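Each chain carries a letter (A, B and C) given by its place in the written order, and its residues are counted from 1.
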Amino acid sequence: MDAIAPVTQAEARALLRDYVNAIDRGRLGEWPNFFVDACSYRITTRENEERGFPLSIMLCSNRAMLFDRIEATEKANIFEPHSYRHILSDSEIVSESDGALTMRTSFLCVRIMQTGETMLFVSGEYIDEIVREEGRCRFRSKRVVLDSSRIDTLIAIPL
Amino acid sequence: MDAIAPVTQAEARALLRDYVNAIDRGRLGEWPNFFVDACSYRITTRENEERGFPLSIMLCSNRAMLFDRIEATEKANIFEPHSYRHILSDSEIVSESDGALTMRTSFLCVRIMQTGETMLFVSGEYIDEIVREEGRCRFRSKRVVLDSSRIDTLIAIPL
Amino acid sequence: MDAIAPVTQAEARALLRDYVNAIDRGRLGEWPNFFVDACSYRITTRENEERGFPLSIMLCSNRAMLFDRIEATEKANIFEPHSYRHILSDSEIVSESDGALTMRTSFLCVRIMQTGETMLFVSGEYIDEIVREEGRCRFRSKRVVLDSSRIDTLIAIPL
């Protein structure tokens, strides 16, 4: 059996760029495909992390849940239309093991309402574990750690 | 005749960095020099793009128009003094052909008024076609696609 | 005696990333260690720079002053708790000489209050002189040039 080539930092960063681009361009149907099947996606806050609280703002523990989430969002369509714009700062490699790469990346997300109003929505860090699967890089886990604990109750679109 | 070396991603990115730096440092006289003579510069909105509307917030179809624009801005001087600060996120290569490179880049622009007030001004994407001319990289076309459709009527300084 | 290897752009950029990460994660005690002993740290404004005013919002002319500053901040603890999130745009090499590298980098800093309120705090440029000392890169000088002249009087946490 051939060994799987370890994920490089450049590949991990390209995955993250494509991930935020898919969201920012409104292609939410693609969102689950950035993850492996046995994945974990979690939005939490810095305060929760530091105090060791197990609370999450959003938690999906496999890819099927990601699909459900997007389907619900698109069907319900109850939220006021808006889009995001993510800006990424530099990434830091946290660890590499068994071909998986763990990376932390500061980010900022702007929210644009259909009325045109643009606001600084959230800032924080992505903590991503990236693996290669069927020749393509994907997230095995993605933890979105928000700086602020006062979050808009309505995070309809994933971050 | 020697072939012209294709524009690399690193060169394209350095051009974009120098472009936003020239604007942010108030060196508007340099602005047209980032473009080839037969260039296109256009500011539009995401909504216009998606609906296929030909509307532009600003449109210059050659370098002479860029010079006119800057001259008018500097002479008229009717606008309230302000400056910008651009923050670039990662670039994505869209296509490469005949030595030209087309690249999409998310950005955010902050506006600082002379009173000191700092505001999140606009977010969006640069869609840039970059070519090499006389040994230097320049924009053959630059499309600034803004996320919001509600734009300050006064875009005096180019984006 | 062996020559000291010149500081590379990648090393300088990693230093800057680690520097802002230490601040953003609240590890202020590490802050002075990013500088050599005979260092200069200065926060100023673009207006001051352009008019040649010697005024600084904050000025430390050696590492001991950086330690004092952090100690005072942590002991006094009079300010309303808050944290920062820095976003870095592209860096530009200004000069290289005697192994030292001087680099300019646009940045944006978001401030998150303990109440959860997130605001665009400041934007500007880092002008950094980076040297290698005992095998590690550090700042010999760091000039933080803010775009706005109207700064919150309370810059308790360094930028």
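Couple of notes before you dig in:
The criterion applied here is as follows: contacts are C-beta pairs under 8 Å (C-beta built on N, C-alpha and C of every residue); 3 or more make two chains touch, one makes a residue touch a chain.
What you are looking at is a predicted structure, and each value in this text was computed from that prediction instead of being measured.
Where the sister copies chain B and chain C meet, the same residue numbers recur on both sides for under half of the interface positions. Annotation, chain A versus chain B: rotation angle of 120 degrees from the Cα superposition, expressed as a multiple of 5.
With centres taken as mean Cα positions, chain C sits 29 Å from chain B. Among all residues of chain C, those that touch two or more other chains are 87, 108, 120. Across the complex, chain C meets chain A through its residues 13-14, 16-18, 20-21, 24, 83, 85-88, 108, 110, 112, 115-120.
Against chain A, in their complex, chain B makes its touches with residues 46, 87, 89-90, 92, 104, 106-108, 120, 122-124, 147-151.
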